[in-house]
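One chain, subunit A, links the two complexes that follow: it is found with subunit B in the first and with subunit C in the second.
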Partner chain A sequence: MDRSIALWRTVFLILPVSVFAVFVIWPLLSSFYYSFTNWNGFNPNYDFVGFDNFAKIYTDRLFASAAINTVIWMVAAIILPTGLGLFLALLIDSRVPGGTLFKSVFYLPICLSAVVVGQVWVWIYQPDWGLLNTVLTYFSSEKINYAWLAKPESALFSVIVAWSWQQTGLSMVIYLAGLTAIPSDLQEVCELEGSSWWQKVRLVLLPLLAPATVVVIALSVINSLKGFDILFIMTEGGPFNSSDTLAMHMYNESFRKYYMGYGSAIAVVLFLVALAIIWLYFRQLRKVDEIYS
Partner chain B sequence: MSSLKLQDVRKNFGTQTVIHGIDLDVEEGEFIVFVGPSGCGKSTMLRIISGLDQVTSGRIFIAGNDVTFTHPSKRQVAMVFQSYALFPHMTVAQNIGFGLRLAKLPKAEIAKRVFAAAEVLQIEDLLGRYPRQLSGGQRQRVAIGRAIIRNPRVFLFDEPLSNLDAALRVQMRLEIARLHNRLGATIVYVTHDQTEAMTLADRIVVIKEGEIAQVGNPLEVYESPANKFVAGFIGAPSMNFLKASIRAEGGRSSIQLYGAALAYLPDRFAREYIELGIRPEHLSFSESSDCDFWGVVELVEELGSESFAYLQTEFNPEPVTIRLEPNKKVKAGDKLPVSIDRNAMHVFSESGSTVAIGRI
Partner chain C sequence: MKSIAESADISASARPFNPWPGTIFACLSVLALLFLAPTFGVLMSSIKSKREIAFGQLWTMPSELFLGNFADVLSNPAVHQYLLNTFLVTAPATAASITLGVLGGYVFAKLPFKGSDLLFLALVSGMFFPPQVILIPLFRLFNSMGLIDTLWPMIIVHTAMGIPICTLLMRNFFATVPNPLRECAIIEGANEWQILVLVALPLSLPALAVLATLQFTWIWNDFLWPLIFTQSDDKRTIMLGLVFMRGQYSVAWGIQGAMSLIASLPTLLVFLFFQRYFIKGMTMGAVKG
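Now for the complex of A and B:
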């Protein structure tokens, strides 16, 4: 009886494990493998080049600018969706009228694919008839037709705004769950002790939301490292690589320039950075758990 | 002037009325205990007094001031929660001094007052610890410390001992009683544990379904319960209730138990049945067969200091509890004669209200 249960468990596990192995583990190991080669993605013949691809990273100016953009993206990802999500969660938690409606509306973007979100924001940023310029023109004495996505100085930030708009809903939901987990009597103590709203947020809610904050920040950082699809739709890393991120740069090197070996080396670096962040995340989570258990 | 006055306090949640018009005067320095079964509205009453919940109608006065619509922090009350409600990220000192920090008092002043409160509760050594590093009893003391430091006019305790184990509960009960003697503060205390109520209270307020069933000092409530509910709720083990019939005899009525006249009611009684309430200590095994009824021992409970036997009878579906006299040995299956102390009978009408107490 026990053996047949164990057998069935194994059978049921084989399918997801196989899918995971074929689509995650195998490509991951392949990336490691190809990062030491000069494969172009098509030719069956390639050579092992040792750490040459990793050495190239140090001299690649585009990699440097993509890395800087990724860091900017990451910092913005920590500040914008986290801050906005927290603000909206606190607002909804304070029982504003129509809170449930707002919750649904703010969460909606996360249900959309990045392609849809990207395309919506391309229209919003459209120089001649886009919503943003139309609104700015309304408040201005002259017609505004600024090309938000076509200017190197504004392209990256314009995409970050669109991305933050999508991610804020996710942060908000995580913070709302965090707020729900705070025992109501702790909030009542604040009321009895006469704390202002801001004192309650600063001294009680924010520290108690630390577990949620760790999750939100970790998710934001990991998502920002993966930031590709929305960039691909909105700017393709341009103009002049001004909105290139590491993920975008990896794609360009691998599939546009056919330096699959070098692209794999970039992927390996990204993977290791993500791994370090996940390690930090678990370490923080454990610390937070210790405090609040 | 009373310290706390509740005037026709009512509370509805939607269409559901949970508090049905409560009137109560609490004197300065009095220890009042709200007791009642789960869901009777006692915690709601406490939350209404604290201001965490609003009344639907009625008024609340603290030290003569109408605080019905006053913000909780301005009512001069402090509350100790069942869960202690300590901030996990703050040390004991920060938890106790939380209110003073909000009031932006100087740090030195806060430290001084926190230490003074900690001294009262003998937790000076714990000030640097976090709640997770404390035992249940220590956490409870910290919660009380946070209440003490505010110098409130009224302390509100919401089932503060229910999360503690039995031994610690007894110890904390004693400490709360000592604290009350030392501070002389007015305390409103909620519990469902009637032992806590009996041992701590100056006066007990028994609540049933959002209404006061009886107010009185512990002995009054124990010895002269206003109705069957109070009689059954106060006292452990619970009072025995025996169904008895009434027979009219001339101008008066006799109470018939098990076919024999047990006692006479002074007036002619218009009812057919009543219930007799007899506490376990007012039943005894007779030496002879001259008794009020016979019972078969079903179970004997040895508690160390005292023992109880549960008897099956022919006339009562529920077992009858009897406190055994010291050195009295009985065993399951024994059929024994039982006598009722005529001076300690409670007679309840079918509606549950008291008709007569004691010798009738």
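Now for the complex of A and C:
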């Protein structure tokens, strides 16, 4: 009996585990290996260069600015989609008419591709006829044709706003799931108590939503590390690398300049950052579980 | 607690006029309109003639319905090729990743063994890492196999990268299938494969629907893998084709809008009809991760 179960386990697991090992785990480990080489992407031969690629990270000015931009992106990801998603979830949860319709509207951008979202927002930011400048001109005395995506000061933030537009729906549904888990008698007590909506939110709902907040923030931060497609479409990291992120910098070094060894070193750094965030996430999740169970 | 007891006698009729529902509804309506504006703009541009857009009327209602943009895009043979390629990648990769997730999820839920939790965690953590982490070695691997500029790398990578979420959701779902059902089947002489296919799977149709919608949407919308793995135009997927055709129709905004809509139509339809499953999958994947 036990032997037949062991046999079935092997039969069932062999395909998923081996596919995952060959096409995810092995490449991950290889990235570490290539980060110690100077492979250029084409030449079958390469040399080991020790920690040279990692030393280069220290002196690479573009890496530093990409790292800072990635941190900015993470902080914005915590504030924008998380905050707006929470706000929308609280509004929708308060039994407004048309709640399901509102939910669909805010969630819709999730099913669009980064390419399409990027293109839509390129139109919004277009200097001459873009929606943003058209609206701003309407409220101002003069014609506004600020080039949002072509100015180093505003490019990164403009992309982050577009990205947040797409991500907000995800935070919203996770918060809505969290709100459904809160017993309705608690909410009824608040109403009997005569407390205002804001008091109910601040004193009862927000503390009870702590687990959802951990999930939403972790997801937003992890997704901000993956922020590549929309950036590629909207600015390609420009102008003058002002909107580069680590993911974008890695692509540029590896597939534009063909410094695959150096690109691998950036990938390793990216992996370690993601690992640290995931570790924090699981630790917080367990802590939250302990408090509430 | 004391204050609850004191004020518990306030009845519903004694409650003062509540301005909140109205305010909330108004607030949500304004935000919804703001949220819809970008999508709405694309829709409007796609049904306008070049002439009308040239007058700077991109964001307004069209004066008349113009379908020329859609006719242009749909009669372009390159678009047919892009759509076909995307379908040839999305369909097998969706099916394969779900199949592997079903196999793995069943073992982790019903046949756990020593160390299976650790293996499960290793598999599932795969969904958190940026794809850049495995980009270069995969490029080298497929290059040495001579598969660059074919559809195979996309099918294989999407299958492999789909294993974490599929295994996670299927394990969580199979865990809710009652054990007595399985024991009953064993007494009747069924083996594990028969239990999986004849007992567990028919009960898991909602989970399969969740995964099918999620995987289909993600793979259809993907941009990075085809960017890395394809070179010639006839191997591009629709999202990559969209970017390259933008250069071709650089100021034809109406055609660009129509192209975006056609490229998004399959995922929009999936969203409209299977929204319930889609939202469930996104929250399950996130919260139980």
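Everything that follows uses one rule, which is that the second predicted complex is superposed on the first by the 283 of 293 C-alpha atoms of A that agree within 3 Å, B and C clash if a C-alpha of one lies under 4 Å from a C-alpha of the other, contacts with A are read in each partner's own complex, and residues count from 1 in each chain.
Throughout what follows, contacts are C-beta pairs under 8 Å (C-beta built on N, C-alpha and C of every residue); 3 or more make two chains touch, one makes a residue touch a chain.
Just so it is clear, the structure is predicted and the values come from calculations on it, not from any experiment.
K.L.:
Touch test for A:207: subunit B only (first), subunit C only (second), both, or neither?
P.N.:
First partner only, subunit B.
K.L.:
A:254 in the overlay: touching subunit B, subunit C, both, or neither? Say first, second, both or neither.
P.N.:
After superposing on A, A:254 lies in contact with subunit C but is clear of subunit B.
K.L.:
Have a look at where A:165 lands relative to subunit B and subunit C in the superposition and call it first, second, both or neither.
P.N.:
Only subunit C is touched by A:165; subunit B is not.
K.L.:
Quick one: classify A:43 as touching subunit B (first), subunit C (second), both or neither.
P.N.:
Once the two structures are laid over each other on A, A:43 reaches no partner at all.
K.L.:
Subunit A residues in contact: does subunit B have more, or subunit C?
P.N.:
In the superposed model, C touches more residues of subunit A.
K.L.:
Mind working out whether A:199 is in touch with subunit B, subunit C, both or neither, as first, second, both or neither?
P.N.:
In the superposition, A:199 touches subunit B alone.
K.L.:
For A:222, using the defined touch cut-off, is the partner it touches subunit B, subunit C, both, or neither? Pick first, second, both or neither.
P.N.:
The answer is second: A:222 touches subunit C but not subunit B.
K.L.:
What is the contact status of A:183 with respect to subunit B (first) and subunit C (second): first, second, both, or neither?
P.N.:
The first partner, subunit B, only.
K.L.:
Of the partners subunit B and subunit C, which touch A:140 in the superposed model: first, second, both, neither?
P.N.:
Neither: A:140 stays clear of subunit B and subunit C.
K.L.:
Overlap of the subunit B and subunit C footprints on subunit A, residue-wise?
P.N.:
After superposing on chain A, subunit A residues 189, 191-194, 196 contact both subunit B and subunit C.
K.L.:
Using the touch rule from the top, collect the residues of subunit C that touch subunit A in their complex.
P.N.:
For subunit C paired with subunit A, touching residues are 3-4, 7-8, 10, 15, 20-21, 24-25, 27-28, 31-32, 35-39, 41-42, 45, 56, 58-59, 100-101, 103-104, 106-107, 111, 113, 119, 122-123, 125-126, 128-141, 156-157, 159-161, 163-164, 167, 191-193, 196, 217, 220-224, 227-228, 239, 242-243, 246, 253, 256, 260, 263-264, 267-268, 270-271, 275, 278-279, 282-283, 286-287, 289.
K.L.:
If we count contacts the way the header does, which residues on subunit A are in touch with subunit B in the complex?
P.N.:
183, 185-186, 188-189, 191-196, 199, 203-204, 207-208, 210, 290-293
K.L.:
Show which residues of subunit A lie in contact with subunit C when the two form their complex.
P.N.:
Counting only subunit A, the residues touching subunit C are 4-6, 8-9, 11-13, 15-17, 19-20, 22-28, 30-31, 34, 39, 41, 88, 91-92, 94-98, 102-117, 119-121, 123-124, 128-129, 131, 134, 165, 170, 173-174, 177, 189, 191-194, 196-197, 212, 215-216, 219, 222, 225-226, 228-229, 232-233, 246-247, 250-251, 254-255, 260, 263-264, 266-268, 270-271, 274, 277-278.
K.L.:
Within the complex, which stretch of subunit B touches subunit A?
P.N.:
Subunit B reaches subunit A through residues 50-52, 71-74, 77-79, 81, 83, 85, 87-89, 98-99, 101-103, 130, 132, 146, 150.
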